[in-house]
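Going in written order, the chains are labelled A, B, C and D, and every chain counts its residues from 1.
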Amino acid sequence: MANKITLNLITCRTIQQGVGMEAGKTSKKYFDACTIIHMHPEDFKKLGAWKNTNVKVTSSVGSVIVKAVETREDLVPGLAHIPMGPWANRIVPAYTFSTGEPCFKGFPVDVEVATNERIMGAIEVVQDACGLIRK
Amino acid sequence: MSEYIIKNGHVFDPVQGIKGDKKDIAVKDGKIVEKVSSSAKVIDAKDKTVMAGALEVHAHVAGPKVNAGRWYRPEDKHFDSHKKPGITRIEGGKSIPTVFKTGYEYARMGFTFAMEAAMPPLYARHVHEEIHDTPIIDEAALPVLGNNWFIMEYLKNNEVENTAAYISWLMRQTKGYGVKVVNPGGTEAWAWGLNCLTIHDPVPYFDITPAEIMTGLMTANEYLGLPHSMHVHQNDLGNPGNYKTTIETLQLAEGVKPKNTFGREQVMHSTHLQFHSYKGTNWGDFESAAKEVMDYVNKQKNITIDTGNVTLDETTTMTADGPFEHHLHGLNHLKWFNVDVELETAAGVVPYIYDPNISVCAKQWCIGLEIALMAKDPMRCFITTDHPNAGPFTRYPRVYSWLMSKKVRDERLNTFKNADKVIGATYLANIDREITLYELAQMTRAGPAKCLGLMKDYGGLKAGMNADIAIYDINPDKFPSDGPAIEKAFGNAAYLFKDGRICVEGGKVVDMGQKKTFWVDAKVPENKQVMHDVREKFLRYYSVNENNYPVPESYAPHQHIITVDATKA
Amino acid sequence: MPKDVTDVICPFCGTLCDDVVVTVSDDNKTILSVKNACAIGAEKFNHQRLPGRVKRPRMRQPDGTYKEVSYDEAIDWTAKMLVKSRKTLMYGWASTSCQAMSIGHEIAEKVGGIVDNCATVCHGSSLIAIEDVGVPSCTLGEVKNRADRVIFWGCNPAHAHPRHMSRYSIFPRGFFTVKGHKGRKIYCVDCRYTDTAKCADTFIQVQQGFDYELLDAFRTAARGEALPDTVGGVPKEKIYEVVEELKGGRFGIIFFGMGLTHTMGRNHNIDEAICLTRDMNDFTKFVIMAMRGHWNVTGSGQVLGWQYGFPYAVDLSRRDQARHQTGETTSVDLLNRNEVEACFYIATDPGAHFPINAMISSSKKPTVTIDPHINCTTEISDVHIPVAMVGVEVGGCAYRMDNVPIETRKVVEPPEGMLTDEEVLTKINNRVDELLAKGGA
Amino acid sequence: METVTLTVKQVPDLYLECENVNPDAFAGKTAEQIAKMGAYQGKEISTLGEFFTIAGNAGATAADTKIVINGDCTKMKYIGAKMTAGEVVVNSACDMYTGSWMKGGKLTVNGDVHSFCALAMAGGEFTINGNAGNYLGAAYRGDWRGMSGGVLRVKGNAGSDVASFMTGGTMIIDGDVDIHLGTHMEGGKIILKGNANRRVGGQLVKGEIYVFGKINVMMPGYKPSGEVDLEVDGTKATFIDYTGDLGERHPKRKGATVYGHLFMKK
């Protein structure tokens, strides 16, 4: 079983993400809309994972746990998408090429199955990185 | 409110015919008065020139295209953004100053009123937001109407009353001041990438010509009896050989009579005439047609003009003449901004460098000065730079120095790289006239005030008029002979009174005054047809709802409404 | 009796739909229903009545919990932070009114702030491109009335601007477009087969990150020059074919979004798209428009434009001049480089939308967030000042994606005692004045 | 030539704006006077003397003035910016705008420089004995006038957007560059000894780019038009001459269209 695959990741708005955002950053709608990674069926095969499995996505700047899903907006194999939000931003490189815009679209990530890992909440995922959660 | 008495100054006031005589000017409660009490503060204007506050008749100082020109040109203010000591905000921008700098600079030069020359109705709220933020000077804005669908549809059928009713409705919605026309028909054609280069070119689909649009709007303007006349930026701007179209357009005013209660005598104001006074067939054989055009202007009494003087700077051109900006971009390849506005108009912006080493630019410089110097009636010819098109308004003091001193302008003329070629293609070298201080007061105060229908309150120093007074460090008996001295004096008013408050002292802004926004409320008989058409157009073709179109009065906190009554017209 | 408020402006995206009807309760306190809005817009209005809304400022305590404080206390803390900090990032502004922005800029000028708006992570690239090469554009009504060639390039209005296609770009019948959808040819260029692509007559699937090359190929094809066999995964035959179709139209428009602004090359992708648009004007009428995201991010650019001459990333830190350099005075770069000493966020949520390393940097600095709701930023701030929702509980001017200004409407009363952005900023401004008059914090 | 030596004694917390550190500003000043010159850190204005130990007086003119800077300058902006003559040697890495708007004289940085260096450079010699950041020798935002003259050498790599809107002068980079080299170029010469990532010469109107290494993805608007033997910065080699960018407008001279050239070393 290939446990780790490398994909090209983009982060974009979805209507569910928009609705969730306006419902509130702590809402279930927001959580459900943003804690997913859209992948191509072939990449699911390569990863050896079922749909709706939690995965760990790792970029040059960090990792995040999200749920791997198939989408009605087709991707090509090798391309993956996490809707914009704090989860995606845990792994978006902050480098801007001196343009002000970080690398929201088009950066390599490793994806591996993480069935038993928990997906953090919206505020938790930010506070955790900022060291604001008292253990 | 405090009282002032301005003593010992040399007063120049065309309204009262005062030509530099020493006369005291008394100020009380924001107005000029016959006399004040002994407790009035004395301003010593000995060896100084006293004039009314100046009026800008045509400048692009507020609104969407002005602001596009600002923000898409960071390079225009990267080294030109400063805060001066005192109460002023940061001032930025060379060719298109920020709103703060705009207000301060006009005030420092002795101006108290500026007319924004082109307000796209759909963007009127934006224009008023900027006017609101522009300190000190009073302002108004002219909605652009020469390519408006309503207007073209009504005028196609000669429906003057409907045209007038629509104008009345639109001015109320947009808080507008008058009727502006820019490249009539040509800008609508531009929505399909086309243009109208003569006044007889039919407008695509609308089956009307530019000449018919202008004649109709002049008639509607006088039907309403608006304070200002139709204000036109003609077809075929900026092209060699355009002077024939220019004269043909001016001829449209023949026989049209002014009808208003404001003392206005013209029925057409033709703006930035410099850009419309070109002979030749291309940029190689390009020559001045200032004489041909001004000969006509001088004899035709019911038109006024402004110059559009080229200042030889790097500037930013901007106009509702969309096709012209596209054409200009094709010549200089600099960044092109364009916006077409649904049912109404368009606008374009392109940076431009008037390089004195390029003979075309030098000739344009000559033509602008010739127009002013050939004007027989200074009450009908006003000095502008069509800011920022021919140069920034902040260069007025320099333009004055060229007009008021033959020595100064000849020094410039003779040192052009291709001076011989430039002199051969223009009239300027043979003109000896020097504009006097009295004529300057006519061209920048009394004249524009009359043209704009504001002569009751602006442009003079007669008792009862607004206490808008500029005092310059100029002794008329020892008028400066060098350019920089003239520029310094006109660029830094010793005092500027605005509504009786000292806003500028020693060239420094000391008070923000209380600026007013002017707009015209023209009352017409109820017109169900027009209201029906408005509803229909909003339902079907506009992208905003009718109820979200009007500019609320809160955008003009110190509004001054001029009411005209055309219900019995 | 419940009543309908009509012609309401939706404060969600840059489409700024102005035909929303909101039914409110008799006491003007509760929104009962929303008509005409898209799913996202409706949710925004509905959020107003959700329980659990924070109604008073909160300040973080040493133990990490938040304690409710008075507005005065929060404002005093904020003013002191601003006066003390030598360089402050003042980011956000995209979801508030132009009137509020003006007050914010006055504060920034006094305390040495850097005013940046959400364009910085959105259409900032587009603004750079426009600064470089201009932009031929139009209002949305022009598209509705005239366009017969519509290209969606790297944008997905089906998700991000849900009513755009029905109001302006695909379906409406206009003056010269009486056939509506049938009279238009719709193109979509994207690396994904998006829901917008499904509405298009022609879908061009570009390899992710190859938009610049593909646009250059379009321009090369338009000039009749030779092309390699494929560009960005698109066969050259397809490129020539589409270019000819575009030339054959009467009025073409390119709408573009984050697919260009966020992708490799960023501003250059838009720059090239603008140049293609410009070139197409040699053959027919062509315009281009950015699909601006936040409902009033355009307004922030406009107000900054007329006050300082730059559309975003305006550095007033020296207080005697305004400067602008994308890549230096932009929020993410400032945070990446630790160039600021304090952060002031208003009407935005960088915690959710900035890359985490920027927010880690932010979380180490004194931070105040002004926002109607709890979000990812408020919970890493020292102070959260809740305010009325602009466009729902208070009106104010906003600018649509085509720069058309529209006055948003107040439809309901804010919770009792809740201040608006304008009121909070005015109080901060006054407090800053007091502190400066006393010689500092 | 007189030498002023600046030694960093305090590294700024934020970033120090050293617009006064150049021969033109120093000219005619003593060490004491230089120490009193202003430098901003955010809104706080302090003096050069607070951050540097200053030894030696400046010459009477910029041309007579040499400045040597020792110590850590990584958080200092604008060193050598707008200089017109004289010499500056920095024995450290520098931050943004180093040598920007430079018109003449000699500037040497013995270290790396950050972004926006040599912006709109118009003349003089600027040598970076390290790596350079993004927008090296480019135009300021919105301007169509990038580097227009002088010689700029980088011993290491450079970032993205190098030489955007270049109109003249020569730029030599020994290492590699990231995306967008010579975009919108309208004159001048770029010599790249290493590799380029992507987007070389996009939207180029006029000018010459020489690449010794590889380009990851060629722009579609370039077409090979033959081979030429050239000597480029001391290296003799055969180059493939590509003309382009064929997607961009090109001026005409005497009826013939003038294209840009991209020379790839074989």
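Structural remarks
Everything that follows uses one rule, which is that a residue touches a chain if its C-beta (ideal position, glycine included) is under 8 Å from a C-beta of that chain, and two chains touch if they have at least 3 such contacts.
None of the values given here were measured: they were computed from a predicted structure.
Across the assembly, the mean Cα position most removed from that of chain B is the one of A. The greater number of contacting C-beta pairs, out of the two interfaces A-D and C-D, is seen for C-D. If you average the CA atoms of chain A and of chain D, the two centres end up 39 Å from each other.
Between the CA-based centres of chain C and chain D the separation comes to 34 Å, rounded to the whole angstrom. The geometric centre of chain A is 57 Å away from that of chain B, both derived from CA atoms. Centre-to-centre spacing of chain A and chain C amounts to 23 Å, using the average Cα coordinate of each chain. Shared interface positions of chain B, defined as residues touching 2 or more other chains, are 72-74, 76, 78, 334-335. Those residues of chain C in touch with two or more other chains are numbered 128, 131-132, 264, 319, 324, 326-328. Touching of two or more other chains is recorded for residues 115-116, 134-135, 140-142, 144, 179 of chain D.
If each chain is drawn as a node and touching chains are joined, the picture fits none of the line, ring, star or complete shapes. Screening every pair of chains for touch gives A-C, A-D, B-C, B-D, C-D. Residues of chain A touching chain C in their complex: 8, 10-15, 18-19, 21-26, 29, 61-62, 72-76, 79, 81, 84-86, 89-106, 122-123, 126-127, 129-132, 134. Those residues of chain C whose C-beta lies close enough to touch chain D in the complex are 85-87, 111-112, 128, 131-132, 210, 212-213, 216-220, 222-223, 225-228, 231, 264-265, 268, 271-272, 275, 317-319, 324-328, 337-341.
Within the complex formed with chain D, the residues of chain B that make contact are 72-76, 78, 333-335. Of all residues in chain D, only 13-15, 17, 40-44, 96, 115-116, 134-135, 140-142, 144, 165, 179-180, 183-184, 198-199, 202-203, 217-221, 223, 245-248 touch chain C in the complex they form. Residues 6-7, 9, 18-19, 98, 102, 106, 109, 127, 130-142, 144-146, 167-168, 174-176, 250-251, 278, 281, 284-285, 287, 301-311, 316, 319-324, 397, 399, 402-407 of chain C are the ones that touch chain B when the two sit in their complex.
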